[in-house]
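Have a look at this one before I ask anything.
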Amino acid sequence: MRLRGLSLRYVLRRLGTFALTIWLAASLIFVIPRLMAGNPVAAMVGKISLQSGSAANGNSAGLIAAWNARFGLNDPAIVQYLLFLKNSVTFNFGFSITDFPATVNQLIGAALPWTLALMFLATLISFVIGSAIGALMAWRGTPSVLRSILPFSLTFTAIPSFMLGLLLLYVFSYTLGWFPTSNAYDLGVTAGLNWPFLSSVIHHGVLPALTIVGASMGFWALSMRGMMVTIEGEDYMVLGEAKGLRPSRLFWRYRIRNAALPQVTSLALTLGSIISGQILVEYLFAYPGVGQLLYQGILNEDYVLVESIVFLLIVTTALAVLVLDLIYPLLDPRISYLREAPR
Amino acid sequence: MKPAVLEVEALQVHYQTATEVAVAVNGVSFQVFAGETLGLVGESGCGKSTTAMAILNLVQAPGRIAGGSIRLNGQDLTTLSQRRLRQVRWREVALIPQGAMDSLNPVVRVDDQVAEVIQAHEGRLSRSAMSDRIAELLSLVGLPGRVARLYPHELSGGMKQRVCIAMAIALQPALLVADEPTSALDVVVQRVVGQTLLDVTSRLGVAMILIGHDIALQAQLVDRMAVMYAGSILEIGPVETMFDQPQHPYTQLLIASIPSITERRRRPAETPVREVQHRPSGCVFRLRCPHAFDRCREEVPVARETSPGHVVACHLHDDASQPAGGGSRA
Amino acid sequence: MPEPPLLEIRDVTKRYAGGSAVALDHFSLVVPESPATITTIAGESGSGKTTLANAVLGFVSPTSGSILFRGRDISRLRRSARLDYRRNVQAIFQDPYAAYNPFYPVRHTLQQVIRRFGLASSRSEARELMNDALAMVGMRGEDVLDKHPHQLSGGQRQRIMFARAHLVRPRLIVADEPVSMIDASLRATIIDIMLRMRDEDGISFLYITHDLSTAYQVGNEIVILYAGRVAESGEVTTVLEQPKHPYVQLLIDSVPVPDPRRRWQEQISLPPDDGPYQAAPGCLYAARCPHRMDRCDEAAPALYEIGAAHRAACYLYEGGGPAPAADAPATTTIAHGG
Amino acid sequence: MTTGNPLGTLLPGAPPTSTRRLAWLNWKLAVGGSMVLAVVGLGLVGPLFWSTRLARPASSPPDLPPLWAHGGTAAHPLGTESLGRDILALLIVGGPASLRVGAIAAGVGLGVAMLLGFVAGYFGGWIDDVVRVLADAWVTIPALAVMVVLAATLSSITVGTEAFLLALFSWPMATRMLRSQMLSMRGRGYVKMARLSGLSNFSIMFREILPNMIPYVVASFVSAMAVAIMAATSLEALGLGPSQTPTLGLTIYYAIQGSALLRGMWWWWGLPLVLLVIIFSGLFIMSIGLDEVSNPRLKRYAQRARRRAPRRPARGTAGAGRSRTAVGSGVGTDQ
């Protein structure tokens, strides 16, 4: 018997890729702005020094001192780079310019749950419904009425999510007034586990979630359909039919089970762009997640906040990819990730 | 004579393409008797695999059964409802597929793949009864019980093919359709699998259609043999007389082209075999036939019985005897 | 100092990265400059025969050992010498469809060699060359040159591959299962082409196959591999008519005889794991061998000489013939008997 | 070669009768392609009939609705926005600008991808390991997030800079795809034949293999372009795009900033949106068409008719399968 699951070698390799992703992204963030425009942090600090008092609630002296120390602004570039990496991996992002003396971590900590919850739910719904639509589109057993309706669900596939968001916002919020135009809950309700709060959260979340689902569902539907069609021609499908199995069993155990594997792979590959879409949707719906925070950072020229959020987003994505990679062998027995040693 | 398990009558299978209809099987008729092994031999594209799929009513689109009947134990499979067809499949006729490599569901363990077919036709069994039965089936084909818990990719080609055989006999069907079951295997494994097939069919009294391109292997394994060319059966008969006195020029060519391992000979310096692109009028083989004459171009030869149970469709044998009963019935 | 042979495979071992088993284990072979011979390398899948073909063609590099072409190591050839080697050692592969670039008409495949090896000085000369080569395999240029490979039959494609090889006039052709995807009734023509190229053009072949019966028809010499090692080698009729190695005996007995009155008598069985071979210190066939002895598991047997140029790697023949010939090449090619 | 006989049949050894080449040009490609070309045409023909100067601020009276709405005027048939820019002029300038950004980014990205993917897939070994791991890591970086940082630091960026930033993230996907295709190509018989014919690696890659990869290269380009335009528009809609060019995204940014939604000025954001939808739908339909080319089963499924192809050993589903996980079933293969 061969062990099913993860070999140390595989886990190490995935962890290596994980680390590489983070390092690459961090370096990009550090290097390219400095190649193009000098040192943005120094520029920002310099700007605050000039407008001392106005930008940072009168505490700019303390802020400047804290930053000079933290970024080693007087040290050579390589030291600054190493310091940047060290601060990044220890999540030591320092203070926010917008809300000094609040730290960047505090700001992100308040925003992240909203983002993660919205993204997780919307992506899950879109992945499941989209895959189901794709599977039904390809399956010969689908009732013809359903089959003729299904393609309409793909109408919005070709548009980026924020465009769909604009449309939904205009129709359902501004014109019909069914849903609120901004925020994650009514400011009047008290946050907590009570019905007014929860219903308010759901009420506010519907449109952003619908936007993400509507715009990405078609992607999953099409790739699922493609996989299903490919599987239709496999030899094991013919044998399955010859075995006289019920169509439902052929559908689940043969078609869906095999088609789901590449779907999970592409989920891992597209997480990055899912995050990108999320940022815009939050901006559009003024949803208090990190996307919105990011936009605030841009408006306030709070470079450190922007950089920190982006770094965290990258870590989150890489982490999610890592998790998907590690559970993949449990879904696909062919990938035991142990070297194929002849017994 | 034993009763016929399967009677195929004037079977037509067509492939509809955008511009034309391709005839893959053109009026094939034959019978398989209880407990016997019938070989169906021919070269690539002759329609033998399509015939096999038609017997299970499993011709894949855009192909379709365009005519004829397939009677299995008296009921015509071409007219059955999907529901009834599902019940007949595997219970009465099981398939041993051509590409055992890819014919097992890659994400399901061997025992679950065997169990699902038992469950689909006999309902639920207790866990232990099921695993006993699977172990017994595996041992019938010479596999150890631990194979049950493996995934297909963990098996070698020969093992996979034997799993397919174990699965095929799980319900003791009346007929096995083995579609080139050994063509991807090495000679020694081919022999083992071939002998396993004969062993289980004789032990369970199952009839089998063995489809293949290797006429020497057919000589080793089958009771009767049918030679197919361009969608038609040209000759059918007991395997001994087919080899002793092949009647059809194509059968003669096939037998003559087997390279011998015991007798070294210079190749007959004949002209290169002609390769024919299109179905000619009259006899399908006439353009490659060394004996072709005028009548071959004009008339499709009728199958005639040259000796008991040995039927050939060739104008050379037109005066040999009476046409075999029922058109090209063989 | 005698002239070096055309091709000498000297003690070649190939181990693929990550694989525990050895694909090819200390293999040696000599193909003389003349006369032209057909040397068959036979074995089942995993026996190492395709690795050998790829090594001779320079597609994989041996882990140890060397392959010498006219005395020069092929892995160390410079540009022009390399082209010269390509010119003299050509190949035919199993799948005649894959051997064509589907994007181009058949002409492209033939022109490629004419252009690269400078075989013709003008267009008309090139056309003549192509037509001659096709005539050799019984085809006409105007029928096939402008077609795409998918418009030809398998037999036609393989014959054109032989025409291509003939165009180059190499000294050696590595033919890797050239007939195994060709219909039985068309195989004879392919085999006939091989024999004619040997006898009329003096081209030697390394005929790589799993099919012993065609080997019996064409071969001069045969080397039978098992799990990357030579099991038995010698003159083809001797080896196939009087096999010595227990594996080779089983192999030959398993070739189906086209006579329903001479069926397999003995029911054979394999160990259930007829899977990939495992590296082991002893004889790799021991696990399946009916004559297994204790020493078989301890060390691999050398190739013992049991007759004129007939050797088997089995302890049964340790005393049966002259002294073990472990250091000598696995087989020395003798003049062919036609 | 045509069939004289209506019942063309399958004879042993007979070749199929299909003669179609370039069979991959299907109607989906044509429809999608003409949608994209229509936008290109708008940029080429539009300036002949309409002054693009009207795309500048204060060139027109502000807040005019389109011609067919109440208060519309023929002088500004698609209306104007609050800063006094003519919407028609904005579309004529912005639509092609978006395409241009996408084409440049995809072109640069594809160039890198072809180089890396071809070399990695063809030569294998450590080069392949490096490229594969690099692409795997890079592909998971959320591009927009990084670009936001970069764009935020740059006071003003041009269309060129934007395209360069986008190219930075468009190569990994394409590299993965081209690499896995090259990997499956390099073992093909015709590549071996080409090596035996003494061809150089360069000729083999580009003269022998490349023509067979055209559908994949085009598909990579189209999807890279769609992704790039999507990212560019997003960046612009956040106000981080090039400020000198009135791109479609920038127009939408101004619309959001100018409370166009609240004020019911749907033409301000809606018409640029329509143009973007045309572009994306065009690219999307093209990529579906290209998908059918690279995955013949999809095509057959679409046509519901096929010729019975000779049975050949199944290949792994290239492209669909993840190349970075070694599906290990290579045991027992003939070596």
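Labels A, B, C and D are assigned to the chains in the order they are written; within every chain, residues are numbered from 1.
The working rule: contacts are C-beta pairs under 8 Å (C-beta built on N, C-alpha and C of every residue); 3 or more make two chains touch, one makes a residue touch a chain.
Keep in mind the model is a prediction, meaning the values are calculated, not measured.
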item	value
Given chain B and chain D, the chains that contact each of them	A, C
More contacts between chains, B-C or A-B	B-C
Centroid spacing, where centroids are CA-atom means, of chain A and chain C in whole angstrom	55
CA centroid of chain B to CA centroid of chain C, Å	33
Centroid distance [mean C-alpha coordinates] between chain D and chain C, Å	47
Numbers and ranges of chain D residues touching at least 2 other chains	1, 12-15, 17, 310, 314, 328-329, 331-332
Touching two or more other chains - residues of chain B	43-44, 98-99, 102, 153, 156, 275
Touching two or more other chains - residue numbers and ranges from chain A	234-235, 334, 339, 342
For the chain C and chain D complex, residues of the former touching the latter	14, 16, 23-24, 45-51, 57, 59, 82-83, 86-87, 90-91, 93, 95, 97-104, 109, 112-113, 116-117, 148, 150-156, 164, 183, 185-186, 275-276
Residues on chain A engaged by chain D in the complex (per definition of touch)	16-17, 20-21, 24-25, 28-29, 32-33, 36-37, 40, 138, 157-160, 162-163, 166-167, 169-170, 173-174, 181, 222, 226-227, 229-230, 232-235, 262, 265, 268-269, 271-273, 275-277, 279-280, 283-284, 294-295, 297-298, 301, 303, 306-307, 309-310, 313-314, 317-318, 321, 328, 334-337, 339-340, 342
Chain C partner contacts - residues on chain D that touch it in the complex	1, 12-19, 21, 188-190, 192-199, 208, 211-212, 310, 312, 331-335
Chain B - residues contacting chain C, complex	43-44, 142-144, 147, 155-156, 158-159, 186-192, 195, 199, 213-217, 219-220, 239-240, 243, 253-255, 257-262, 264-265, 267-269, 271-273, 275
List of chain B residues in touch with chain A within their complex	53, 56, 58, 60, 85-91, 94-95, 97-99, 101-109, 116-117, 120-121, 146, 149-151, 153-154, 164, 167
